[in-house]
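I am attaching a structure below and will ask some questions about it afterwards.
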Amino acid sequence: MLHIVNKSPFEKNSLESCARLSKSGSCILLIEDGVYGALVDSETNEMIQSCLRDRSVYVLGEDIQARGIQREQLVMGIEVVDYAGFVKLTVEHDKVQSWL
Amino acid sequence: MLHIVNKSPFEKNSLESCARLSKSGSCILLIEDGVYGALVDSETNEMIQSCLRDRSVYVLGEDIQARGIQREQLVMGIEVVDYAGFVKLTVEHDKVQSWL
Amino acid sequence: MSEELQSGIVKKFLYINRRAPHGTNYAQEGLEVALIGAAFDQDVAMAYLDDGVFQLKTGQDTKTIGTKNFSATYRVLGDYDVKRVYVERESLECRGLSEGDLMPLVYEDEDNDWEEKPLIHIVSAEEMQQIIDESDVLINF
Amino acid sequence: MSEELQSGIVKKFLYINRRAPHGTNYAQEGLEVALIGAAFDQDVAMAYLDDGVFQLKTGQDTKTIGTKNFSATYRVLGDYDVKRVYVERESLECRGLSEGDLMPLVYEDEDNDWEEKPLIHIVSAEEMQQIIDESDVLINF
Amino acid sequence: MKFAVLVNEGPYTHQASDSAFNFTQAALEQGHQVIRVFFYHDGVNNGTRLTTPPQDDRHITNRWSQLAQEHDLDLVVCVAAAQRRGIVDEDEQKRHNKDVNNIADGFRISGLGQLIEAGIQADRLVTFGD
Amino acid sequence: MKFAVLVNEGPYTHQASDSAFNFTQAALEQGHQVIRVFFYHDGVNNGTRLTTPPQDDRHITNRWSQLAQEHDLDLVVCVAAAQRRGIVDEDEQKRHNKDVNNIADGFRISGLGQLIEAGIQADRLVTFGD
């Protein structure tokens, strides 16, 4: 299952809820302001680390570039996909949950 | 100075920012979904307690009634005002900051 | 309804409600979908988590703020073939609420002499994970 | 501008920016107000706190998402009589950012042979409390 | 006392417009002056005459129009925000070559300067939004 | 594969409509079918022909209309949400006795059943919103 998070974890509880309610083995994609959750050295780091333990985490490349975030600033283990990769993730996973 | 918070503290960081950035002696009014921050026995209780230590905290009566919250469910020390009281608070304080 | 729909595809729809009522109208518009969905003979369940649990709070009365009071509509969910309403326990506890703060929703069990049965199931975060994972179509409010 | 405005009321305007850029357009529309406000000869300052600090991040490029790239506009703030830009240190640190991650904004000091001076002041939460408290008109984005 | 009210959200989706209305009404009832209600961001969507909410619900736009008529309120829709969101009066219709307009009674479209002017002239600016 | 896309936010205010557009385009480029784009909540505001964004900015509504024409997309605006927000086509104009309509090319207004139908018929429903 693919989970999408589009809100900053510093502002809203979307990533936190996604982390709590997504199953081990599922996939999480951060888009829009959700990509701020991938920043290394931030206070939400632990949340994303706990996701990475048993889930795969992706971040939308177009959205990190728009926000001036470099790949080096991402938590290790997070992979970058573009919109074509976003579509592929929705194909690979049998359903999609958007944590708005 | 009057600070207004209209977002649930469980969902958004507005009350947290208001608590951090409002001065001792100022006044905080919870309206709309912000009134959930006044609920006793909740995890955000400490945040509102820290506000009550050196600031006055009000909650909009019309908004707690809409949400089925009884006065007994409010943290001790929080006062209830109606819209007329809301207007009076904006008159008594020389400026108004809305933590949207 | 189109022919294809009558051909018998039945999917598990889960309406996930994560927002408080009244501050936004997602709660109200979410109810509208659930009720309309009844006409489609799908397997429909509702999930209430995060601030969504406030939607089920007893005693809501919006006369004072002049907005539409739709909280009575939750009581008819059972009549619209919604047989399962899940509420996450962790979300309740974090907000200082318990099951007693929620409206007592029921449905009439047609397989059991129309006996009234509770519609609300309080579930753990782990059970909610499973409920989400087993659904086919997830619509969020 | 009306006569009353020319009569010389000068208020302290503080534009408080608490939201990330691009996910919503509050940042962009907040800039528009600040620039238009220059015509009114008021005392204008900007505050960046919470996710608002992300607005000043270097290297933003929205070509990829097809939205308007307004981040260059921050550089002209100084030309529009905005002389003080405050950024809360706690908000930066919580997000793993430091001053070096921010665009270097400057203004030309007319009282000092048009010397270029930094526009951004990193302040503590306590200083930000004071800045907010001393302002007359607070507009939030 | 002179108030100005800023509304940043559209009707129905968020409570902001309802709260702003209730506040404005309460201020007027206490004899205060409301020198301007400024609609910004999605708030401009309050100013369309094309809404038809369910009959058992409040009509947010009409309510503003009526209050404006009763109290000679100045309801200003931000032009820049309105252009992005499709709120159009007769002038804007001509300027942008649109076939119709949709502004509601009692609302007018004007610049952001009107917000700043309101901030200068009012004793209190109170903001409602998301 | 058959996709359905749900858009819950209006143009410009939130990135949701941009993301939905980029996603839809990418899905079409990969040869997938997008059986319906459903505009709900404030998302209905994408369907007005009255917007005039600044010339150096994208025109969100026209972009949807063009994509719909090129790929025969079904852009459906939720009627209940549209009534609350003032999005009107010819039928709605007549039914509610409005003097004008404002629906954009390629959009049509229909019921919530169209969303549920899309959920049943599509292999994937992808939601963009606030």
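A, B, C, D, E and F label the chains in the order they appear, each numbered from 1.
We adopt the following convention: a contact is a pair of C-beta atoms (placed from the backbone, for glycine too) under 8 Å apart; a residue touches a chain by one contact, two chains touch by 3 or more.
Computed from a prediction, not measured in an experiment: that's the story for all the values here.
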Partner chains that chain E and chain F have in common: C, D
Shared interface partners, meaning chains that touch chain B and chain F: A, C, D, E
Identity of the chain that, by mean CA position, is farthest from chain B: F
C-E or A-C - the one linked by more C-beta pairs in contact: A-C
Per Cα centroids, the chain farthest from chain E: A
Where chain B and chain C are represented by their mean Cα positions, the distance between them in whole Å: 29
Gap in Å, rounded to a whole number, between the CA centres of chain F and chain D: 35
Where chain F touches two or more other chains at once, by residue number: 12-13, 15, 19, 22, 41, 54, 125, 127, 129
Chain C: positions in contact with at least two other chains: 22-25, 50, 65, 67, 137-138, 140
Chain B: positions in contact with at least two other chains: 6, 10-11, 13, 32-33, 62, 95-96, 98, 100
Interchain contacts (touch definition) - all pairs: A-B, A-C, A-D, A-F, B-C, B-D, B-E, C-E, C-F, D-E, D-F, E-F
Residue numbers on chain B that touch chain E, as the complex places them: 4, 6, 31-33, 62, 83-84, 86-88, 90-91, 95-96, 98, 100
Chain A residues within the chain B interface of the complex: 10-13
Chain D contact footprint on chain E (complex, rising order): 6, 40-41, 80-81, 84, 111-113, 115-117, 119-121, 125, 127, 129
Touch list for chain C against partner chain F, complex: 1-2, 4-5, 9, 11, 13, 25-26, 29, 32-33, 36-37, 39-40, 42, 137-140
Complex contact set, residues of chain A against chain D: 6-8, 10-11, 32-33, 36, 39-43, 45, 61-63, 65-70, 73
